[in-house]
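Below you'll find a set of structures to go through.
Next, two complexes with chain A in common: one pairs it with chain B, the other with chain C.
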Partner chain A sequence: MSDTLSPDASPATTAATPPDGSGGASGRRSGTASRAGTAAAGVLLLLALPFYVSSFWLQTGLFAMAAIVGAIGLNLLSGTTGQLSLGHAFFLAVGAYGYVWLAGDPSGTGSAQLYGLGLPPLLAFVLAILLAGAAGGLFSPISGRLRGMYLGIATLALVFLGHHIMLNARDITGGFNGRSVPALEIFGFSFSDTSPDGLAVLGVPFGGLERLWYFGLVLVAVAWLAARNLLRGRPGRALAAVRDSEVAAAVMGVPLSRYRASAFIVSSMYAGAAGALLALVFKRVVPDHFGLLLSIDYLAMIVIGGLGSVGGAAAGAVFVALMPHLLTKYADHLPLLSAPGTTGSGVTPGDAARYLYGAAIVLVLVFAPGGLAGLAQKRPRRTGDGTRRNRRFPFRTRTTSDSNPQGVEGTTPKEHTP
Partner chain B sequence: MIKLAETILNGLALGSVYALIALGFVVIFKASGVMNFAHGSLLLFGGYVMARLHDSIGFIPAVLAGAALAAALAGLVQLLATRGLRGAEIHTLTILTIGVDVLLSTELNRRVGADFLSMGDPWGADVTQFGGITVADARIASIAVAVVVISGFFAAFRWTRWGLSMRSAAADPEAAALMGIRLDRVRLIAWCVAGALAAVAAVFLAAFPAAGLDRTTSQIALSAFPAAILGGMDSAAGALVGSLVIGLTAAMAAGYQSELSVLGSGFADVAPYLVMVLVLLVRPTGLFGSKELTRV
Partner chain C sequence: MSSNAAATTRDGAASPEPEPKPEEDREPKPVPTLTVDALTVRFSGLVALDNVSFTVAPGTIHALIGPNGAGKSTCFNVVSGVYRATAGAVRYAGKDLTRLAPHRIARLAVARTFQNIVLTHGTVADNLMLGRHSLTRAGFTSTALRLPQAVREQRRHRERAAEIADFLGLGPAFDKPVGSLAYGDRKRVEMARALCMEPKLLLLDEPVAGMHPTERVAMAETIAKVRDALGISILIVEHDMGLIMRIADSVTVLDFGRLIADGTPERVQRDPAVISAYLGTPAQDEGTQP
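Right, the complex of A and B next:
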């Protein structure tokens, strides 16, 4: 079993979530209490934000929330179960387009005709998540059998095939130009600027972004708690066992292919939720957003955050999602950056963001293989060499050519000395 | 019939270019177990060097310089990987190459911008006709060059000391190390060879009928992923077969686009991936990849 999972994951996750009422060991109680206080303050701050910050920050924050949900999902698959997936963008797209299709009203005629089921938006949101899960399930003949790199490249195919379908299934997706997203509505309360019109709370006008902010917070909280409970329970341990050694897991009675496929489905559902939220914030979905770059973004999030840790995935997601927006906003004030739209030799903010996060991936892997989550908890658990080794990247592949060097690669760095 | 012959020739030409790239994947994978996601950027880097140099030093020296620099850059990536991550798991290195790719491709895309860079190749837009078949000279050249380079590669793999150490290192790294083979050096050379192969492929990806080297060239190189996977990641011969299959598939899908219109426009771009998924459904480790064995 992995010690990445149970003892390691808990400090990072409890640090940012409200206390769940279960008292820890007496020695840790004071630490837990202070962490709970910090967490409560953080939650209060998040709840209060829409009253103070501008819509730019709310929108950026919502992008970050969508990224958190998606990254937690990918982390379940790649971090915990050790299955490399480059197809996360595809499942985000299924969620986004699924929501638009299920909630949208049919419109247009002729070549501009768009189909839609016109379901109640909340129901459509839930169904879109299930649809993404079903798409993940349909992929299980592949995901249950392929390992390592083969799975990674096979999921890469999903992104390209999905992009092709998005461009060509015009009557559902709207083709290249995409399709506008119907606003979310719960029992007549619309998460948009209208209906109820001119809503104001404590004198602060509550438009679409302010209302969506709370929906996003709820979604993140649900996603976070569900993932944490999943990981702490029986399925989480089984998944970690599958990652650490498939043979050992099978011997312990873990049905391998079922768990591998389930991890894929759950991860797809998280991606679907993230995609649907993203669609609500963007108000328009276009195929080009859901390309390979988005998949790589998500992989970068969980690597930077620290594989196998829910809190780490969230932190990495915030980092990767916020950076381009922040750099764009403050381009004027930063040295070496040229403002967007100008034709200079300077580095555009978008490029700078990509440099930064490319460098972040490389530096994190070289200097802090445990990611941000690993850094946060390195101090108390310094002793023991085994724990450090296990935090390194947990993907495994096994072919005849590398069935034996599993230990060689990891433990004998000087193997080349004659 | 003529169209079929032309399509097949185009497919072979495309396949030979993919083979150069896919061989690079396989060599790196065999040597260090890493799937090199920075390969497309290495390719673009080699092409960029050629495009910038060919005016001043001529085409052939520019190609050599591009190949040499791409090889050096690939070597640098490997050095970073081994020095920085000694003892880390193999898949950490794979993610590391994604990070390197992000850095490299951002820089190259910024430099290339929206331009189409000419490679200064001697074939230009010339075509050759025989028996009613029209083929671009660049395509014939790509087949010829690929045959020469790939035979040279296989000969080196089979008969040189490097090839021998490479094969033994791939078969059993521990035993090879005990026999005095310097694994680090074998890996370094493997990466350099892969980088040079990618740079050569860049010439033909940018040559006629393509408009020149542009920022999407590295994405075309991604199509070599299915080629390498289809054949089996640890089989050089598999990479060749996979490349030809993928090249022919892409050429057929492009050539008979109108007949395939029911599958949507732009189907040629995704046909390789579809073929790959179908093959992987039947053979999870590719056509020639070593079977998965688990000893308990």
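Right, the complex of A and C next:
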């Protein structure tokens, strides 16, 4: 322990390089190794799945992957920054329709005419993500100013606006009946059942779903790593500070509006990627999928998974995305459920799934405020200064007294000064 | 290189006027004077600060004292940009701080701590690295992609943060979650986070409040050491008179938002207005402990 402090006018003075931030981590090394082993086994299992499971499971898995990407994005905004968004479905729609419009070929005539740019699908996929980010950026005058709950209300409008556009901009969206999605293609390799036709790997026929499965895995991996890097780096710390105490964040040099808006843009880009992947799996995009309920599904994912944790968001996403599909598949064998299309006395699988994760949210909020991620960590947590409360419900309605240095209610840091 | 720079500043702090030295690398800029000029703050009718003026000379510890509700914290909040001033100015480094947003003031190397601890989730390291925010550049893209310069920057600044944690005796707790630390330690994390901003002006809002006597003495020594080692100005609000009289170079006394005394600790201690503000009676026994 040194007891002198030298002035450090230039932050670039010290040049020694011990391993990146691993001081005091030696005790945890064995745990890290076993965790890495588990992760590697999980990845191998995921890579091997298309060889063993039916297309139902592949499709359901791909829905879950899209949900993971979207949930990680919403978690950056809501879990890390403490900004509520009910408009996530809108940005999923931008990604989905954006991809279709950018990659689709123009077709039809007269009232059935559809515009499309016919770009290479991979480029269209990337541009769709950027398009969703740009849509989020257009919203930044609002997303930068409003905080917590208020942003939630404002973003609610986006869902209805989006629905209206999807129904009425028929040239681009195809209106109520939607539009079919051009298959993804990377350097001539198509992620569909054709071209190359009859592709088989180790005797297993590789159709569109099998091929998309690997694309989905790559997308999830990229989304996961990027979010983890963000959270461990400078922007992540700034976003968490905005959530925990706006005053402290501002005083430490974090421009509040800019970071709130940036979190919103990043979250929109994740939603765009999720939407584009979803479109590829569905093979057809329709307006009714991107409603308010989808936004709420995503909120349910991150609350169940654990706010602020990337792994938690993924786990919550898998839970919420799989539930309706599993219940539909096994409706015949489960009590109180009626199979879709029948007029039985039970509830439909879709409703049952919502009841289930509604109950899951209540259970999580009451018994495990850290969500699935908190349950997995199990480390003793002693928190002071109302940090527990923040973890439970991070959406602020106004600056609360714990971030207010003098306890004067209703005073907030000034943000825009000439 | 860094030890060289340390030596020059220590010399600069020791001698009354730091003479310009030929410096091979960029010399630390001189510590600017903080001038609070006729500052008035009103909260809808309540006058929290009324025409208060004082000056914090470079490299000194300046104490701001007064009974509860005197306006000390309000003054801090205006200087750090959290509150808006109704009238008056706070001049620092050629700028009027009352016109700047908090994050811009932070970029002028003005750091502060809070009366009630305000830390974020995560480890001590996370909190200290937040203090490096305005000294670092890594943006969303470079961090998400782990571009080499972002990784290097993070590593370099983490080392410096660890150094500062060591200086405050927080070395062993560096990777522990702040929620698991004792009160006194969390108080020191706040101090360390402020120091991580490499401040030229450090605002300490009741740095020893709630600490037990041994911790108080250690903190007082730390504050004096920071001033001596870094040559920075420190503005401190504190109720512990013993501590103020021991470490402060000058003292400003506020009462009900008005400035009632300003000067060296010894002079302020004997000021009749100060004694009556604290004890509520006219001064009779001069020279006794207030």
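Following the convention adopted for this analysis, the second predicted complex is superposed on the first by the 362 of 418 C-alpha atoms of A that agree within 3 Å, B and C clash if a C-alpha of one lies under 4 Å from a C-alpha of the other, contacts with A are read in each partner's own complex, and residues count from 1 in each chain.
Methods note: a residue touches a chain if its C-beta (ideal position, glycine included) is under 8 Å from a C-beta of that chain, and two chains touch if they have at least 3 such contacts.
Predicted model, so just to flag it, every value in this text is computed and none were measured.
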- Task: Kindly classify A:Ser309 by the partners it touches after superposition: chain B alone (first), chain C alone (second), both, or neither?
- Result: neither
- Kindly classify A:Val247 by the partners it touches after superposition: chain B alone (first), chain C alone (second), both, or neither? both
- Should A:Ile296 be classified as contacting the first partner (chain B), the second (chain C), both, or neither? first
- Classify the contacts of A:Ala359 with the two partner chains as first (chain B alone), second (chain C alone), both, or neither. first
- Is A:Tyr150 contacted by the first partner chain B, the second partner chain C, both or neither? first
- Query: After superposition on the shared chain, which partner residues are touched by A:Ala226: those of chain B (first), chain C (second), both, or neither?
  - Reply: second
- In chain A, both chain B and chain C touch residues 247, 251, 402-403, 405, 408, 411, 413, 415-418
- Query: Of all residues in chain A, which touch chain C in the complex?
  - Reply: 1-14, 16-18, 20-21, 23-25, 226-227, 229-230, 233-238, 240-241, 243-245, 247-256, 262, 266, 308, 380-385, 387, 390-391, 402-403, 405-406, 408, 411, 413-418
- Residues on chain A engaged by chain B in the complex (per definition of touch): 84, 141-142, 145-150, 152-154, 156-157, 160-161, 163-165, 167-169, 246-247, 251, 292, 296, 299-300, 303, 347-348, 351, 354-355, 357-362, 365-366, 369, 392-405, 408-413, 415-418
- Item | Of all residues in chain C, those that touch chain A in their complex | 1-3, 5-6, 9, 25-29, 43, 73-74, 76-77, 80-84, 99-103, 105-107, 111-112, 114-122, 125-126, 129-136, 138-140, 143-146, 150-151, 153-160, 162-164, 166-167, 169, 171-172, 174-175, 177, 179-180, 183, 186, 193, 195, 197-198, 205, 225-226, 229-231
- Of all residues in chain B, which touch chain A in the complex? 29-30, 33, 35, 80, 84-92, 94-96, 98-103, 106-107, 109-110, 170-174, 177-178, 180-185, 222, 225-226, 229, 233-234, 263-267, 269-270, 273-274, 276-277, 280-281, 284-286, 289-296
